[in-house]
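Once you've had a glance at the structure underneath, I'll fire off some questions.
Chains here go by letter, A, B, C and D, matching the order in which they are written, and residues are numbered from 1 within each.
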Amino acid sequence: MREACGVIGCVLARSTPDGVVNVARMIYLGLVALQHRGQESAGIVTSEGPASTHFNYQKGDGLVAAIFTDEKLNKLKGDMGLGHTRYSTAGGRDPTNTQPFMVHTRHGPLATAHNGELINAMALRKAIMDRGVGLSTLSDSELITQMLSQAPPRGEKAKPDWGARIRHLIEATPTAYSLVVMQEDKIYGVRDPFGNRPLCIGRLMPLGTANDDEQRKPLGWVFSSESCAFQSMGATLMREVYPGEIVELSPDGVRSLDIVPRPKRTAPHSNAHGDPDDIDHETILLGPPPAFCIFEYVYFARADSVFEGQQVYSVRQRCGRQLAIESPVDADIISTVPESATPAALGFSLESGIPYIEVLCKNRYVGRSFIQPDTRSRKLAVAKKFGALSENLMGRRVVLVDDSIVRGTTVGPIIQLLRQAGAKEVHIRVASPPLKHPCYMGINIPTRGELLANQKPLEELASHVGADSLAYLSIEGLRKAVRQGIVLKNNIPTGHCTACLDGNYPVNLEW
Amino acid sequence: MREACGVIGCVLARSTPDGVVNVARMIYLGLVALQHRGQESAGIVTSEGPASTHFNYQKGDGLVAAIFTDEKLNKLKGDMGLGHTRYSTAGGRDPTNTQPFMVHTRHGPLATAHNGELINAMALRKAIMDRGVGLSTLSDSELITQMLSQAPPRGEKAKPDWGARIRHLIEATPTAYSLVVMQEDKIYGVRDPFGNRPLCIGRLMPLGTANDDEQRKPLGWVFSSESCAFQSMGATLMREVYPGEIVELSPDGVRSLDIVPRPKRTAPHSNAHGDPDDIDHETILLGPPPAFCIFEYVYFARADSVFEGQQVYSVRQRCGRQLAIESPVDADIISTVPESATPAALGFSLESGIPYIEVLCKNRYVGRSFIQPDTRSRKLAVAKKFGALSENLMGRRVVLVDDSIVRGTTVGPIIQLLRQAGAKEVHIRVASPPLKHPCYMGINIPTRGELLANQKPLEELASHVGADSLAYLSIEGLRKAVRQGIVLKNNIPTGHCTACLDGNYPVNLEW
Amino acid sequence: MREACGVIGCVLARSTPDGVVNVARMIYLGLVALQHRGQESAGIVTSEGPASTHFNYQKGDGLVAAIFTDEKLNKLKGDMGLGHTRYSTAGGRDPTNTQPFMVHTRHGPLATAHNGELINAMALRKAIMDRGVGLSTLSDSELITQMLSQAPPRGEKAKPDWGARIRHLIEATPTAYSLVVMQEDKIYGVRDPFGNRPLCIGRLMPLGTANDDEQRKPLGWVFSSESCAFQSMGATLMREVYPGEIVELSPDGVRSLDIVPRPKRTAPHSNAHGDPDDIDHETILLGPPPAFCIFEYVYFARADSVFEGQQVYSVRQRCGRQLAIESPVDADIISTVPESATPAALGFSLESGIPYIEVLCKNRYVGRSFIQPDTRSRKLAVAKKFGALSENLMGRRVVLVDDSIVRGTTVGPIIQLLRQAGAKEVHIRVASPPLKHPCYMGINIPTRGELLANQKPLEELASHVGADSLAYLSIEGLRKAVRQGIVLKNNIPTGHCTACLDGNYPVNLEW
Amino acid sequence: MREACGVIGCVLARSTPDGVVNVARMIYLGLVALQHRGQESAGIVTSEGPASTHFNYQKGDGLVAAIFTDEKLNKLKGDMGLGHTRYSTAGGRDPTNTQPFMVHTRHGPLATAHNGELINAMALRKAIMDRGVGLSTLSDSELITQMLSQAPPRGEKAKPDWGARIRHLIEATPTAYSLVVMQEDKIYGVRDPFGNRPLCIGRLMPLGTANDDEQRKPLGWVFSSESCAFQSMGATLMREVYPGEIVELSPDGVRSLDIVPRPKRTAPHSNAHGDPDDIDHETILLGPPPAFCIFEYVYFARADSVFEGQQVYSVRQRCGRQLAIESPVDADIISTVPESATPAALGFSLESGIPYIEVLCKNRYVGRSFIQPDTRSRKLAVAKKFGALSENLMGRRVVLVDDSIVRGTTVGPIIQLLRQAGAKEVHIRVASPPLKHPCYMGINIPTRGELLANQKPLEELASHVGADSLAYLSIEGLRKAVRQGIVLKNNIPTGHCTACLDGNYPVNLEW
């Protein structure tokens, strides 16, 4: 399972002394912090301000730290910019899909970067091409820039109303995207009306300790897919962009331009993803509830990121606690498949009172697999990745907590490894419900047939993978673990997309 | 002085047995033969035929032979394709300008490759952007594809009339380009109405010697910027595409679709470039005369290429003869600045009766210059490139023929080299007239101030560069050398653009 | 602090069916498992057996998985080979130092790979050069191969006695190295008489589950710096090579050839490193006690490796327990600097009864630092590497366990990070004693002045780094944690080198 | 047929003002001028003078201009150095064979670079290995450095007598090599006693035109395989190193240390290569005549290089004249296979009075061939390389002069090309005798069976390749063309190795 992307937008304040903050390097630091969201390619684009007829652009394949040499960063002059790090979802075949995507419009250069997948991309493509426009890539990014370029009123000389143009885009495609848009002197941050993908706003602060007024003035403002990037950039989280909201960053600060309501026309089951507590509230927006991707909590986000007022780590720990309540085991030790399942394992340990200890040692340098592995190398694939801590396992009954099971090809060999290293019993506990449905909102999930949970009845899975027992967290348990810590002001409604677990998509797929 | 590009288009015949001819490899061979027209980057795109929803595309920076590995060529499946090798003229700043340029349209994929520069590119850009279309590059290629995509009638489902669409494009931009366009199952070749850039048609033949019918059937058809590529591909020259003509290649053969006349509205001096003999002829086209770039003969084209029915080598040799008539010298030997001036030097020798011999030995491996040369290395720059053949020079009066002088920075050190090696006198003869004006048709000429001919009066040039005498070929002499060998059927009018020599541009620059 | 190297040697059994095991791929898997011991370059050399006049060799810079493509591995034919992955210690300046090092001798090709540093390298170099031999590198590897080549008797035609030759080498250089040597049909594994660097022997087993005789026969035998590689290769640990022992692997199995005693002439304090319990034992070897590098336990080795009969993870956990006994704190939570300090932190938690929880989230993608960082980027260096889990820290008194402190430049910013994220108190506990002395045995330790423990008195360190308290494990505590789990048969004496902690080097440095 | 190598050695004068001349850049320029002698890899090594304990070294694969970036050149500090550009002859298999080869000896660092092949390399290897020395490569370079390192007296502390050591080497191996040796503060240039490979001495001069004394003082001295490098470096040819001579360059100037006589024990036919005129002279050296490789004149050297007092171009032109005398043709035009055969073709034209004109246009960008060519691409291989100038060929009888024919695979397709382009008759004239024997002196000649001249009787060759007639230059004709221009002072004897033509090797091959 792979996340689509991480995005950054950053604008320096009007009053920032020259050279104190370098926008390109700040974006670089932000992208490094979002690297877990995409490792295939990355790009940074900067604007040198109002008179710009073009943007500065650098990109490359691979990891952020390898792409952006000092030489490249030095070319990225300007005081505002966008950054992007990606996995390929749509547009994979084309080699020109690295974001940000940049076009020249009659109102000057325009750059965008987004996370997610337009649910009605095919229909939008067709509409754009039917207007006689050739599309040079297969990516959603180009659709977005062309939608923004052609938004009415067209052909005028006057300064365009970018807020209205972006609203035009949002009305044309209901989900799933978080988007940053840069024109010559402003950056806009947008979440789709369902808030499916995350985006938050930060304030770039001076790092010194002096307490005078100068020291309390912000140096600039930042959009980021996750708040974990703010700490790396020396910024602090202000709040998330609301579902459907259009927020403008300029050298003068942050301004909320508009909130586009969720469309009435939604999928049959669309209410299912709303959190029941919210449904009857008076909300600031009418329509169906939001649909924030619940797997951001389970799997994608970095543990120190904050969504809906709560830190992801705490949600994962509560998932582990809930799992211990739902599916307890009589065991000697609780352990983790490092490293992502550790908070859940610690939660399971806390709730059950059974001590936590490590049993697998992860090799950080595994690298690529052989292209043509021989039989023996294939059998050793898991042993290449994990070493067993036999002295911790010898004669013990082990509960091994994993964060999710997708294809289920790794868990069997791991169990075998633990038994060979002396484990007496191995009980698998998965801190999320079984994946059963495809995602059309930007997450790369294997086909239905490849998903373990669709291959075998739940009660046969333990013996299939060689475990003494196997249990998943319930969907309701996951929702409970998530909802428990939400802290939101302003009566912002919440709701989570659980389509990959229960098939309840937030919008009709034939939008 | 640098040429913009070389283009290839190739379609295999319907009846070609599988595997006899591989289109990607044929295009590769053609590009290698056109490599002298551009060495910065190259690309090949192929179509797998009628049902294609996308084209196969491979490109890279550097020389054709380095870019197209067997692995890349093997991915270029299909029986028709385009190839391009380029220098950057317009669009240089953008890293995505390698051609062919490809877009997805409502009628399927579309690829184009061209040589030249649209004289009214800025106006076209503006018109396209005013329609609300974002342009993702600064290149003419994208303008061309968007012009073709948006050509009326738009939005229809029926098979588009590509001939009409291309005519729409030609009517919008009078010069200077030769263009190949591929849609899923056909390739179109186009020269602008002034015929400024070259393009010719070839027939791909079996290589065997058998004389049965099968052996006489063509294997396919080819467009190429120069006919020299045909020999490399095993093809024979059929004819040139006429100025303003649209020619279609399909698996069934070659079809001339249309000839677009030169526009009436032309530059004030536009008649100047017409060959006087042609002006009063009844021509197949009305309007001002064509304006084929005369520097293709002087400098750009490979010596074995054929334009207007004559081989380039012969024109260059006649330039040398004419130069000997115009500016004779009493000397012991005639020699050349290798390798491009050799035909002119041999012509000078033939006409003057003075023996030809080599005096400079060229180092083929010179490579890049130092980024930060020390003084000594800078002084040795010419000595790095040429070795003097002192035994041929000792005590002799030398006429050194060069094909053109642009900045004049090389000729001085060469003269010094010859004198140090023993030359008694050095007379410079330049087989083309002095360059004085910028080119807006796709040729990269230094700015007016950098051109040697604009820096000094003609009579001071010899002493400026240290020569005993220095003379250029006259403009009239060049035109004579060119016209003398033209062999064209069908009353095709001819005319040559000499704007860089005399400032007579074929069209008004504010088109 | 950086380890020098990891070595592998692997020989397939005579009876192995063709194609079941590929030696190059097994060595590759072993090197991937040893990658933590060196990430600068790696090499693999294989022999095709008795008639070989040369070996097959592939090497490269960077990570093992990036260097050894399928193509390279396929060229490494043969049934025995050596592998090496390295940091540069000696010989750094020279670009040809990647190991294995290979020479051609009168007895055919010879390859060696080692871990460590010859304490008397300068004297050996001089002796070899005084014999009129030119040395083409500055590396210890070449010294070793030349010592083996020139070992008496020289010039004979008969099959050389490699055991005697290697003994000759060992007698010439007492420490610090573990070494694998390959000649055409055998591999030798050697530890220096002090056993300073580790080396162990494994048996390569079939992976199937069938229980017939065929399934119980070993497929081959392996040397590895650490036993963690065996699991990755599908091998099982037989035992460690003893200090001073020469072990031969051939297609027929494992044979111990010789044990070279520790020299009498040793450093003044040399007894200090012996474990007191062993000193009076009747040992299989006379002379001073061994001196196994204690930092293999503390820092270098992978947690699942086994030395002296105990798993490294358990030693580290006992270090944490011992630290909790020596320097207890009244706190709310125990945590770790991920990932290497986790076993010690869990040990501290177990012993103190204070719950363990994570407070730092490590970014796995940090990559290189800027070459020319601006001030702000420099200040953010630690924030780039670690994210704070604020919900776990808020209002709490934290004990942060680290495995060692070298320069102390990271701990201060981490403490600041924790406080900013809400920590009420931060107590640092270091699970090893302070580093105070240089290592001459192959470990790269900063110069004396750079070591934090040499910069400030212990009692000032806490306030220097901004901690509420700071304590190290005592040297005696470390020795206790190590000794407690040692399980060795055959009365093998043990002893550990603690020179970097207490300055007691195992041998006189002017050897 | 491929040459082995080009070598450079350069020492700056004591009095050179700092920064006027940069040795590394001068060597770079020299290597670029010698690039035609080897294009596989290149290296430069410099010494920072008397106190040096190591040399600075940079090397790489490919062309000199691509390897030596400014960054690399800037690292090559020092005022003296060696350079080398190579093809692989001996030692090909090993990846570490790029020269210069560098070793550390008891007298400090030592670097060597050579051109040629030691005729008794196998025996030397054996002798070195029998002394107990391991050899880390298969190259002659390492043999040479080890021979120099071990030269008696060994082990002494006093300054070594490098002249005596080099003489020791020369006495051990009679041919074929030119060699430059650098120790910390001097460079030695050596030609083997037979003078088989070339080496000459140049004086590096100020480039300014001022005529004061300062301007006439040399800046340094240079060794180079060919004098063509001197012009590129701003040096002038002093003389060649004599066969067997050892010449020393130091900051104080040039000193001839010794001349080692040719050994008495020579090959049975060894007299055959002596020039008869020299045999009875009183010579400065006794023994058999020298044996300078005659193919340096025919093929390898750059046309502007000078050997034995004559420029190579003139020899080639005389070969063409001689060929016209030996094998005249009644034809319309004389032409060349560009570019190396042009001087011979011009000579043929001068002698015969038949006009010279070009008929083939060479593509400079041909690059590599396909790894897996299809049939059609294979047939087009020659058409890829050469374009026919049909207007020069039409209806004419052509004499095509080539410099040598090795395998004869190209000449057939070229003849076919000329006929297709209209040639009425094609007569092949080869300006050197047929190659019939292998070279053991450093030139890569195909095996005997692959040589065209060994496949067919001479009289059948014309019809075999499709020519109307075909003739080679006679061996005597070649010797005459060479001897005619020799200008040597001091009664230096001359003689040329023609072993590849007549099998008369200068020394017994079982030396």
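One rule holds for everything that comes next: contacts are C-beta pairs under 8 Å (C-beta built on N, C-alpha and C of every residue); 3 or more make two chains touch, one makes a residue touch a chain.
Quick caveat: nothing in here was measured; it's all calculated off a predicted structure.
A.B. asks: Can you tell me which chain lies farthest from chain B, using the average of the Cα atoms as each chain's centre?
C.D. replies: The most remote chain is C.
A.B. asks: Would you mind pulling out the distance in Å between where the CA atoms of chain A average out and where those of chain B do?
C.D. replies: Measuring from centre to centre gives 50 Å for this pair.
A.B. asks: Please work out the Cα centroid separation of chain B and chain D, and write it as a whole number of Å.
C.D. replies: Averaging C-alpha atoms per chain gives centres 39 Å apart.
A.B. asks: Quick check: how many Å separate the C-alpha centres of chain B and chain C?
C.D. replies: The answer is 63 Å.
A.B. asks: Counting only residues that touch at least 2 other chains, which ones in chain A make the list?
C.D. replies: none
A.B. asks: If every chain is a node and each touching pair gets an edge, what shape is that graph: line, ring, star, complete or other?
C.D. replies: Its topology is that of a ring.
A.B. asks: Spell out all pairs of chains that touch, sorted by label.
C.D. replies: A-B, A-C, B-D, C-D
A.B. asks: What residues on chain C touch chain D, complex-wise?
C.D. replies: For chain C paired with chain D, touching residues are 54, 57, 93, 95-96, 101-106, 110, 125-126, 129-136, 138, 142, 145-146, 148-151, 154-155.
A.B. asks: Which part of chain D faces chain B closely enough to touch in the complex?
C.D. replies: It is residues 19-22, 25-26, 29, 32-33, 35-36, 39, 63-66, 70, 73, 207, 228, 231-234, 302-304, 310-311, 313-314, 338-339, 342-343, 346, 350, 355-358, 361, 363-368, 370-372, 374-377, 379-380, 383-384, 387-392, 417 of chain D that touch chain B.
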